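One chain, chain A, appears in both complexes that follow, with chain B as partner in the first and chain C in the second.
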Partner chain A sequence: MTVTATTTDPQPGYKWVGTRPVRHDGLDKVTGRARYGADLNLPGMLIGAVLRSPHAHARILSIDTSAAEAMEGVRAVVTGADFPMLESGGEGSGEEYYDPLDLCRNVMARDKVLYEGHALAAVAATSRREALAALAAIEVDYEVLPHVLDVSEAMAPDAPILHEDLITEGVEPVPTTPSNVASRYVIDRGDIEKGFAEADVIVEREFVTQPVHQGYIEPHAVVADVGEDGKATVFCSSQGHFMVRAHTAELLGWEPSRVKVIPAEIGGGFGGKTTVYVEPVATRLSQKAGRPVKIVMTRDEVFRATGPTSGCKIRLKVGATRDGRLTAVSGSMAYQAGAFKGSPVSLGCMCAFAPYTIENVFLEGFDVVVNMPKVTAYRAPGAPMASFASETLLDEIAERVGMDPLEFRLHNAAEEGVRSVYGPIHKRIGFRETVEAVRDHPHYSIELGPNQGRGVASGFWFNFGGSSSATVHINEDGTASVLTGSPDIGGSRASMALMAAEELGIDVYDVTPIVSDTESVGYTDVTGGSRVTHATGLAVIDACRKVVADLRARAAMVWDVDVDEVEWVDGRAQHVSGDRAPMTTRDLAADAAGTGGPITASAAVNARGAGAAFSTQVCDVEVDPETGYVKILRYTTAQDAGRAIHPSYVEGQMQGGVAQGIGWALNEEYIFDADGTMENPGFLDYRMPVASDLPMIDTVIVEVPNPGHPYGVRGVGEVGIVPPMAAVANAIHDATGLRLSELPMSPVKVLEAIGANGG
Partner chain B sequence: MARVIFGSALRRYTGGVDEVEIEATTVRSLINALDRRFPGLGKHLESGMAVAIDGEIMTDALYEPVPEDAEVHFLPPIGGG
Partner chain C sequence: MRYVAPTSIEETVSVLAGDVRAQVYAGATDFIPQLRMGRPEPGVAVDLKRIDRLTDLRREGDTWVIGAATPSARLSEEEDLVAELPGLVEAAHLIGSDQIQSRASLGGNLCNASPAADSVPAMVVNDGRAVIAGPAGMRTIPVASVVTGPGSTSLATDEFLVELVFDRPPPRTADAYLRFIPRTEMDIAVVGAGARLTLDEAGRCQEVSVALGAVAPTVVMVPAAADILVGNPLTDEALKRVAAEASAVCNPIDDKRGTKAYRRQVAGVLAVRALRLAADRAARTG
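Moving on to the complex of A and B:
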C-alpha cells in the first residue's frame, strides 16, 4: 500500500499527535482477553430469548403465556404489558433524537406487529434450550394484515396503513387521513426554472437502492442484573452506555440513576448500536426473576430485528452550462423508514450536492414507513444513497460537456464562505484538496486494459460535536489515567492517549485510556456522528490543561515562587530562571499529599466546531462481459481529516467506509419473499465483501485543519462510505458504456444491462 | 440584528416569509422573538432542531450567544452513525 499525506498547513512540532503507537487495547483484543457483550457470565444467570413475529404485518388479538410460565426451568416471561406505554413526542436532540412511543413499541410490540422479527414476548429460563421451548409454548393469535415493503407502493393511496394515527408532516393543507408518509422535507433555494433555463445540458435519472445492514460482526448482547435494592446493572456492548441507561430506564418507567451500565468492548456498530433492543427486555426479565439474565441475539435476529438503513427511490435532474458550471438541481427522494418514522431522508437531501456551489436547488424528501425493521443510523446516514444518485449524474453531465470528472468537480467546488446547498455558509473546508489529491495521485493516470474502467465520486458529511466528559488522574508513579464515556469503536482510546500525552508531555504508554461506566464519568453522548476524537478529545484536552495548571501551581508551592515563574515543558515543571532542577509528573505526584492531595481534573463539553468532512475517491474495475462480475482492481480514497491524531486509525476508518460502500454497491441487499419474510438473514446469503474480494484500499490523508479544534481534528468515521457506490457505478460505465442506476450492481443486474444494451 | 433564514419546511409557520431580522442575544431569546412574530414556530424550533449560527451547526444550543449580524438557520436534527 502506498500511503501519502498532503497538508495545507505546516506540521506543528507535535511529539505525539500524528504518530502511530500500538493501540492500548490491542493486546487484549488479539489475544482474546477483551470482554465483549456475550463474554460475561454471572452466578445463577438465566438465559433470555425473544419471541418474534413470523408475520410482516398483523394485529395481535391475544397472547397466552400461561403454558410457557408453567414449564420447567422458566423463571420469567414478559410481553408488551410488562412495559409502560410512553407518550409520543420528539425527545433528545441531534444524534439522540427519537420518539419514545415508537421506541417502546419497537422494543416490544403492543397491539400490532409491524415486521417479521418484531419482538412481542420474551422468557428467561435456566438454559437456552428451556427458553426456546418456552417461546414455542407461547400462544399468539394473529390477524394477518396486508403488508408493504416497496417505498413507492407504501406511498400509494391504497397502500396498507401501518399506523392509523400517522398524519404526514410538512405538507399544506394538513392531511385529514393517515398514510405511510411520515413527513415531507424540502430544500428550496434560488429559482429552479431559471436555473434549468440557463443550462445547456440537462440529465435526469431515477435511482433505486435496497435496504442494507450495518453488518457488525458482534451481535447485540446484554447481561442485566437487578439487585435486591431494585437497581439494575447492565453489561452490554453499544455505541453509548449513557444512551442505554437512558432508554432502558425510560422504557421501564424508571429514573436513569436506577440503572448502571458497564460498557463491554464493541465488535462493530457503524450506527446500528445507537439504540436499544434487548437491554430493557433483559432488565425487566431480571427484575421479575430476581436473577441475572443474559440475552445474545443470533445473526438471524440481528438481520430480522435490528436496524438496516433505508432502501430508496430517488429521481434527480441536474443542469449545467456548456463550460461545466452547475446551474440547477432538482428531484425527489423517498426513503424507507422501516416500521416507525425516522428515515435519514432529510440528511440525504442536505448531503447530496453539498460538495458543490449551486444557486438553484429544489429537493424534496419523503420519510415512508414500511413493514421492515425500523432503520437505524449507518455511517453518514442518508448520504450514501443520495450521493449514489447525485454523483452518478455529475459524472454523466461532466461527460456530456466534455470535462474530466475531477476538473468538473473542482470547477463547481464549494469553498469557505460559499453558501451550502442546505443553507448555511461553509466554514473552512477541504473538499477541493481531496479532489486535487486524487487528481495528483499516480492511480489516476494508470493505463486501463480491455473491459476495465475508472470512476470517481465525492462525498460530504456534517460531523457532529455533542456532549462528552473526561477525567484525568495523575497516578503516584507519574503516569496518567484518562477516563472517558466514549465506547472505543475505531481506536479512540489511542487517540485520547495521544492527545493526553501531547498535553501532559509524557510518554503515550504512560497514559492509560479507560472507557468508564455510567457511574464513573460524566454523561457522554453516543460514539457516532464522527464525534469522539473531536468532542471527547476536547474534554480530554481541557482536563489535561487543568492538570498541567495544577502541576505548575504545586511546583510553584514547592519552590516558593509565583506560578507565573513556572513553565510546563516536555512533561516537567521548569523555573523560568533555569536555576532549579525540573520536576517531573512523578516527582510532583510523589509529593501530592503535601501539596494539596491527589492530582486530578475533570472536564465536560457540549462541543462546537466539528469541521465538516469531505472525501473524493477513484475506483478501477474490470467487468466480465460473460458473467457480469465486477472486479475491483484498484481503489484510492482521499479524505480531509483536519489533523490525523493517529494516522493508522484514520486510514482504517477510510478503508472501512470504502469496503462497506463497495459491498453496498455490488452485493448487499435485503431480499424478502412474498409474505415479507427476509430470505437472506445470514452472511452466506447476505454477501458482504471479505478481504479476498477487495484490493488494498489506498489512502491519502488530506489535512486542512479544523479551526474548531486545538489540533485541527475533523471526524473521519463516516464520510468514507458516501462516494463508493457512485465511484463503482461510474467505473462500470467507463468500462461498459452502461449507466446502472439500481443497487446492488450484482452480476445478474450487470449482465441484464449488458444484454439490454445488445451486448 | 440577526438574520434568520427559513428553509421551506419552516415557511408554513411563517406564512411564506423566508427571511427576517431579529434582535436577540441568545438562541432562546431569538426563538422567543420568532414565536411572538410567528405563533407556533417556537415550539417547533425547540423540538430537537439543530441551529446553524454563521455556518456552525449546533444542537442543545438554547443559551448559545447570537452575535450581532449573525446569519441563523434552523435545520433538521443531525445525528450520525
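Moving on to the complex of A and C:
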C-alpha cells in the first residue's frame, strides 16, 4: 500500500509562503545547462593531480620531485613545503570546528601521512595523462608505522600514537603523555545513582557503528586562476564560498580579499563540502605555473580522502519506572575523529536523549584520532549514531514496561519551558506533535504479515543560525533580484524567492534568486546546520522590508504626502485615504531616477533563534530468515518544519535524510584491509541504497512555528537522518525478536544473528 | 594503445596474430572500468561489435545461437528465447543497469572470467557450448571449460569467442537463475545459483542440473542434486538434502561482499529456490 503524502494547507494570510512553484534553477539543472564544479574550462588551463599516501600511517623521510618537474608537460609541482605551517588554535567557521594547523596538514601532509589517501604532493600538467605520469615519478621514502582504526584499540595504552603532541583535553589532572584521545566531553546533570535507584527496569547495551560517507554525487572539483596581480579567482562547488575563500587564503598565507571564490552549482554536500581539500592546492599550483589549474577528484579519491563521518562505540544504560517514566541515563561514547581531532561526539551526547525529559543524566564522550580521513560534518553530525543507540534502548524499555513505543515517547516528551538534557530550556517545540502525527497516520495501523515488523524512532537536531547577508535590487522593470551568499544545496533559491515575493508582494517568478560570489554580497557562513532558510531568510526578509520602506517613501514623495499615508499592499503603494491612484513596483522602478536613484537594499544578520527540529518515523520491514535480507516495506516520517516555505523541498529534505539513514542502517560502511587500506572506495561496494531499494517515503510536515522567525521557519535539512537506524533496528526486532546493536545491519550480520538465535 | 574494429572473423584473427598484447572486447562494460582502475593498457584494443556474426541472435534448428557480443538487452526482447530459456535471459538481464544492458553481453561476461559472473551458472546448467575462433580455425568447447580461474580462460591469446550455442529445451524442461545481492540491483552476486530440470509426466525429476556462482574460483556444479532428485518429486526433505550438498561443495572466500559461512549457507538456500522456480516453470510448459 502506498500512503499519499499529506501536508498543511498554505497558511491563510500568506500568498506565496507554503506554495510549491517550480524551482528557479530547475530547468538548467534538468537540461544539464547548470554549471557544476567540473564544468568550467579556461584557455591555457592545466590539469592538476594529487599524490596520495598508500600507507595508513608513515613518516615521510624524503620527497624527491625533481624527476617529475623535468617531465614533458609538467608546469608546476607542490609539496607541503610550498604551504606555510599554521599555528594551532583559531576560531571555528560556521558549523565546522577547525584547527588551522590540522587543516594545513590535512590538505598537504608534512612530516607524516596519517591515512591512506592523505595528500602529500600535487602536479599541474598540460594533460591528465602527463599529470598522472608525473605523480608516478615523484619519489617518496616512507617509514611505515603501525596504524590504528578501531576506537577502542586507539584508546588503549599501547596504541600507535598519531600525534606526539596530542594531550587529552577535559581531563583532570592534565595527562603528561600524549594519546589518541583528543578530548573528553561530559554531560552531568542530576543524580544518576538516585535515578537508577528509582528505576524498575534498566537496560544496558553496547553499540558499534562504522564510518560512512556523505555520498554526494559530485566529486570535489575546482578551477583556480592566479593572475599577474597575485589575486586568485577560484571556481568550485562547496557549501560555502566564503569558507573556501577564508581557508584557501589562510592556507596560502594570504589575506582573504586576495581570493575571489565563484560558487558553482553543487551536486550534493550533506556537510562534506564544509571544508577545503584541493582548492588551496590548485591555487598554489596556478600561482607557480602562471596558468589556470583544474583539479577534479575521482570517486576513489573522494572516498579515501574526504568525508566521512565517525564510526563509534557507544555504551548506554537507561532506567525507567514500571509506569514508563524515564529516571536516568548514563553511558559513554567514543567517536572516530579520523586523522585529526574534531569528531562530533559532543553533539552525539547532546542529541541522544534530547527529545525527552530526564532529570538524571551522565554521558561522557571521547574524541579519538585514528588513521582514516579526518571526519567532516554529515547531516546532523554526531546525532544519528547516538540516537541509534538511545532509540533502540528506549524501544526495549517500552517493550519491557508493556507500553506502545509512541505512547512511551509521549509520556516522556520534552516540552516548552523544561530544561533539555543538554542544558538550555526548551522553547516552543513540536516533538509531541511529530509523535502524534505518526500515531494517527494510517501507516501505524496497517496489518503486518509473516517475517514482517514495525519500528519507530525519534530524533532531534539543534539547527543553527549564524551570519548571512542579502541584497535586493528592484530592476527597471519592477522585478527583483535577490542576492545571497548561500549555496543552494536543498532548494534554498526557491525559498528565498518565496519569502521575497511574500514581502514585496510581487509574483515569485518576478523574483530572481542569485547565489553571488564573494565580491558581490556580504560575508555569509556555510550552508550547514539547516541554517539557510532561517538565517539567510531573515537577511532576505530584512532587505525586502528596507526596499518596501524605500518604495513607500518614494510614493509619498511623488504624492507629496506623509510616508505614514502610504501602505504597501500586493506589490503596490496605496494611499491610505485613497485619493491617489496606486503605484506598482513597476511604476516606481520606472521612475526610480526621479525619486532618488536605483532601488536597492542590503541586510545582514548574525541570526539567533533557530528553532529546534524533531522527527518521528515509522518503518516496516520484511526479513528473509534464510538470507538475512531486510526489505523496507513502508516508511513514514513526520517532522516539525515550523513553517514550510516550499513544502516540496521540505519533503525532499525529509525523504533524503531517511534514504541516507536507511543506507547507513543496512549496508553502508568503510571496509579496511589489514594494512588500513580502504577496500570499497566506489559505489559498487560502498552500498548506498539505489532507488529500487526504497519504498515511497511518506512525509507528514508538522508545523509548530518557531517564535524566532517571522514566518516560523525551522531548519529541515538534517534531523530526518537521525531516527532511521533505530527505526529499522526496532522493526527488525519486531520481525525477528533480535536486538541488533551493530551497524550496518547487513544480510551477513542479520543471518549470523538469526543463526546465533537458533533460527 | 591502438584501437581497431575489424568487421570479419578472419580480420580479427590476423589482428590478434599480429600483437600478443591485443585485447578483444565486446560491450567494454568490464574492460573500460578495469583500464580506469589501473589495468595495463593493451597494445591494441579490438572492438568485436562490428562483426555481424558476433552481434547476432538466431534460432538454428534445435539450437539458439547467441553472438559473443550480442547485447543482453536483445535477449530480453526475443520472446521465444525468454519463453524457452527464461533463466538464461534473467541471468543476462542482471548484468548491470538498463544502460549497461545495451552493451553488456554473455560473451563478455564469460570471458571476463569473474567468479561472480551472473550468466555463467545459467549457461552451464543449459549445457552451453562456446564457439572459438583462432589461427587454426573454429573449435567448440563446453562453456564450463572456458573459465579456468578468476580472470583467466582456456582461450589462447590469439583466440576469441565467436558465439554461444544452447539446445532448445525438450518438453517439461525449464531453467532459473537467482542471485543474492545486498541491494536490489546495481550490484555483484554474493552467491548465484542456476538450475535446470526436466520433469516426467508424473512430476518427478528426470534430469537435474545445478550450478553455483561466486562461491569458488570458477562455477561449481552440484552433482548430488541429480543423485538426490532424479526419479523423485521435489519434496521439502529432498530439497533440504540438496541445500546441504550445495553448501558442502562451495569453496568460498571471505571478502568485502560476504563471509565464507554466509556464502555456504545462502548457496544452499538459492539452489533450492532456483530448483523450485525451474520446476514451476517446467510444470507449466507441460
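Brief remarks on what is shown
The rule is short, and it goes like this: the second predicted complex is superposed on the first by the 743 of 759 C-alpha atoms of A that agree within 3 Å, B and C clash if a C-alpha of one lies under 4 Å from a C-alpha of the other, contacts with A are read in each partner's own complex, and residues count from 1 in each chain.
Note that a residue touches a chain if its C-beta (ideal position, glycine included) is under 8 Å from a C-beta of that chain, and two chains touch if they have at least 3 such contacts.
What you see is a predicted model, and the numbers here were worked out from it, not measured in a lab.
In the superposition on chain A, A:T584 makes contact with neither chain B nor chain C. When the two complexes are overlaid on their common chain A, residue A:F464 makes contact with chain B while staying clear of chain C.
Of the two partner chains, chain C is the only one that A:I671 touches; chain B does not reach it. After overlaying the two complexes on the shared chain, residue contacts for A:R687 are found with chain C alone; chain B is out of touch.
In the superposition on chain A, A:T595 makes contact with neither chain B nor chain C. Of the two partners chain B and chain C, it is B that touches the larger number of chain A residues.
Taken in their complex, chain A has these residues touching chain B: 89-97, 170, 172, 185-188, 214, 269-272, 274, 346-347, 350, 377-381, 420, 422-427, 461-467, 528-531, 606, 608-610, 708, 717-718.
Chain A meets chain C in the complex at residues 626-629, 666-667, 671, 679-680, 683-685, 687, 689-690, 692-693, 746-748, 751-752, 755. Listed in rising order, the residues of chain B touching chain A in the complex are 5, 7-9, 12, 47-48, 50, 52, 54-60, 71, 73, 75-81. Remark: chain C residues 180, 182-188, 190, 256-259, 261-262, 265-266, 269 touch chain A in the complex.
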